[in-house]
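Next come two complexes built around chain A: one with chain B, the other with chain C.
After this line comes the complex of A and B, so read on.
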């Protein structure tokens, strides 16, 4: 598959945006400036970027507790993301959702999710609606290796296949669910083995290689769009930081050497090396991109800092939608 | 010396589990991250090292199967402790809890018993947002067949947890996340606090506050403040919510003639409604004012601390509630 120069820069940009957003969020959390839990996506950037780079703006994705990367990759706005993480009124969820529920339905991003496994059935619903309307949209469910141990995943996978829906199951296999290694919680090594049980094709890709992820995603998304039904992509990847928070070394459940080994295959740096080697990019160009996006992050932090907190009267707002008077009037 | 030993709420839980595992080889624990890691709140620390992997089991992320493991293992003779990391996750396992655990004995004509304990952590105050902060106890208390406890301090935690484990019915132990670090004197020996027995946390004459878990502690703060104003609050901590110590609550209501019920859960449909209802059925003629219910507004738990601090009731809310009820007077004809 020929990946155009423009696309390569596009994928690179998505990854750098995620990295910068997450590192900034980590620093803010370290300084006690972010309330609540923080699950960072650093190390896994190639997965969200490679997959979302294969989607149209009106395609849908569902996400996980580790959801910032998915929103950024789908085109999320730094300002509103940062404000949400700080619990500000100008945030994506007006301060009501926070990191774990960050979402932008206008970008087709149907929410990070605090309940492991809960995103996959929702993606099935989006895929159903997409086919129902017949506009050729596709849905992608991002999910972790650990979440494939929960019933919701299996019900979603089976229903998607039974109904032959336009959906892609994109697994981020980072080998851990919280503080427990994968091998303690399942008897298989590859999540992709599960695909066969539901009757969908599945592939394993190097989740540290954005091009490999992207190629697999393009194929799966095309299959879904053309009516070929669901498929599963298992991206082997790694989270650099702890399950939540920003510690990365000295964790009792994983060896430091393992972290170091994965970091040698950093999805962004290896891709940059490759782009430069292939004459697609220059070091200067790459540095420029980082500098530009760094500026965006600074702007976002400033925006969030300057934003007001929601006022207590907002507690009761948006519990319900106003009753519909529009039945039958919507195209 | 030893009876002056202090433990945290979390350690008291841990000690109860440990002592029961020592006492009975049929007791085992299963849950996510509870083994090698000791649980995300540290409440299972050291147990796997002490009792081995076969008795402290790290499970997959599979809440329904975790509770099902408890149901199946208890009905066949073991005494499981199954952990659901956050109370919000009971929703994922609700069939096993509500349709299976709670009802098997009855449906089988009594020919089964389920000596299992479900442990979990509830409550807000950590900016953990709408899916990691809920107080869903009313849901569980509505289910015939279950017993539900929500301790407010380390001493009660240990005694109640031991009683839960020893009980031959499915019990649910709800730890409050914000109380895990609370420290108090806890006896070293194993002791039981009978399920269904409440506690007068503070005797008083003017008004009864019924409050449990973290709210019992907030009530204590409010009561100290109100005492300065000459209002003596009696604080009843039911400790067990199902079965509920109605006698203790009604007796107090008959003495003080005024009752404020407090919980962190959403007010509408919360346990406060049940308690208020029992009081009006059994002590109507003694009341000088309608029972006041304090609870969270009817919305999901908001993330931003700027909202959550106004969402969860606290000593200030209780103070205001008590002051208001003290103003009201029934004119007796």
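After this line comes the complex of A and C, so read on.
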């Protein structure tokens, strides 16, 4: 499968948007300008970009507590995202959700989730609905390696396979569950070894290589869309920042050398080098893309700064849905 | 033949048998538990059959430690830095050579055996398939492999009787200011692609040419192309060159397990041993079935086939000879130095 020039630029743009948004968010958090927690996706850009680049606009994804990258990759609006992180009324959740509940259902992004492992069952529900409605939509559950030790993941995988649903399980194996290395919490190394236990195929890809991720995602999504059922993609990846986005906290749960080694395989820079080597892009063109998107980030920060906070009378608005139907009765 | 010890070396590639082909074909998934089981059986059988020591390559999955857990015997997991890549196999094979290992068991695909051959060109090798389109390694149980390795390592069965020198594709890449030497044990393919990506070669339209030193219709993957029009056996001299393109025979080929495609053959010709072939221009080189190395438009790749590959041990023949020499009798269980019979 050869990746077109247009698609290469598309994947590159998704990754650069994530990198710039996340690094800007990190700087704002360190300056105490963002309330709440922040978990940055820097280093893992190839996974969300490679997968979301294989989806249609109306396909669904569920996310994790490290969810900004997924929303950006699905086409999230910088202004509304930055406003949400700042708790402003113009944000995606009107400033009341923050980083870990950010979502845009119009883009099929069904939400980040502060509960580890909680996204996978939601994706199964979306997949069930998609098949029921027969519109050919696919759902993708993004989740981390640590969440596969949670019951919700196992129930989701089992139900998806038992019902042969159009879903892709996209595991971002970054080797750490918060501050704990993977080998201290599970006896296996490859999450993909769990796939066969539910009766679905599973594959490992280099999560620092957007083309490798995209190739697998295209196949998995097409398989799901054509009625082939669930599959699991395990992307071996790494987050450059700590579990959350604040640097220089003196946390010593992983060696600096390890971080440096992974950074040598940076998904964006290595991809840019290949694009230039292949004659698809020039350094000048790449620099233009970065400059353009940096400007978008500055615009988003300004938009968020200029936006109002939600007023106290809005505190209960959108918290509970207004039910228009009651089960067993006509609306 | 004199040996100071009967050492068997074992390498298990933790990454084999899990790539994208499980998604697009019915290829087998080989779990870590499966690999650990094979190695564990091999270790037990090696000690049962006279090995004095087992050396294991460490790996990021800790398969070596898990496979050797609670087995009595002189077992050593090499103390070496890990990269988590194929370079661990290359380094371990080199250490095995230095340590005068008598036989190496390698679990993986064609690429794993290739890496052993890079680290130790003359390795006495039993290659067990845990990969995808495996031509060089075979489906051998660890029990049989461990026993055969021990008989060879101890000298009880003579290596020169049960092992044959395999072939390899010797590759030289000149690309601008870089010059690289490499090898393949089955095939070298020229792929019209921009990226290494998910590594496996899946799109038949991207295959430009293949140089195979082993090409059998009983295989799957790139070597099966030549295998279905001009077979070349493992022990025949030389190999075969195939160029894909319009105008020739159209052949049905299993490019992956359980997955058939039509490939159009523009050129096929026999390659004699040592006969050089050069191709220039932009390509991605696939060694033993996996995209591995991009070559620029200024690059030239020169390759030839020669019989300087690893010494491939025939497990069945080894065990037959051992049986004929009564080595499985209770009284022969402790095979001593110099007690070899062939």
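In this text, the second predicted complex is superposed on the first by the 320 of 331 C-alpha atoms of A that agree within 3 Å, B and C clash if a C-alpha of one lies under 4 Å from a C-alpha of the other, contacts with A are read in each partner's own complex, and residues count from 1 in each chain.
In the analysis below, contacts are C-beta pairs under 8 Å (C-beta built on N, C-alpha and C of every residue); 3 or more make two chains touch, one makes a residue touch a chain.
These numbers were taken from a predicted model, which means no experiment stands behind them.
K.L.:
Please determine, from the superposition on chain A, whether chain B and chain C clash or fit.
P.N.:
Aligned through their shared chain, the two binders fit side by side on chain A.
K.L.:
Quick one: is A:98 in contact with chain B, with chain C, with both, or with neither? Answer first, second, both or neither.
P.N.:
Only chain B is touched by A:98; chain C is not.
K.L.:
So in the superposed three-chain picture, is A:31 touching just chain B, just chain C, both, or none of them (first/second/both/neither)?
P.N.:
neither
K.L.:
Residues of chain A touched: more by chain B or chain C?
P.N.:
Larger number of chain A residues touched: B.
K.L.:
Is A:280 touching the first partner chain B, the second partner chain C, both, or neither of them?
P.N.:
After superposition on chain A, A:280 lies in contact with chain C alone.
K.L.:
Going by the contact rule set out at the top, does A:189 touch chain B (first), chain C (second), both, or neither?
P.N.:
The answer is second: A:189 touches chain C but not chain B.
K.L.:
Identify the partner contact of A:291: answer first if only chain B is touched, second if only chain C is, both if each is, neither if none is.
P.N.:
After superposing on A, A:291 lies clear of both chain B and chain C.
K.L.:
In Å, how small is the closest CA gap from chain B to chain C once the two complexes are overlaid?
P.N.:
18
K.L.:
Between chain B and chain C, which residues of chain A are contacted by each of them?
P.N.:
Correct list for chain A: none, the interfaces share no residue.
K.L.:
Where on chain A is chain C touching in the complex?
P.N.:
Within the complex, chain A touches chain C at residues 1-3, 183, 188-190, 192-193, 195-196, 201-206, 209, 211-212, 214-216, 219-220, 223, 231, 233, 274, 277-278, 280.
K.L.:
Chain A touches which residues of chain C in the complex?
P.N.:
14-15, 18-24, 29, 31-33, 60-62, 192-199, 202-203, 206, 294, 296
K.L.:
Which part of chain A faces chain B closely enough to touch in the complex?
P.N.:
Against chain B, the touching part of chain A is residues 35-37, 87-88, 93, 95-98, 100-101, 113-117, 146-147, 149-152, 177-180, 184-186, 252-253, 309-312, 314-316, 319.
K.L.:
With touch defined as at the start, can you tell me which chain B residues reach chain A in the complex?
P.N.:
Residues of chain B touching chain A: 32-33, 35-37, 40, 58-65, 88-89, 91-92, 126-132, 297-300, 302-307, 310-311.
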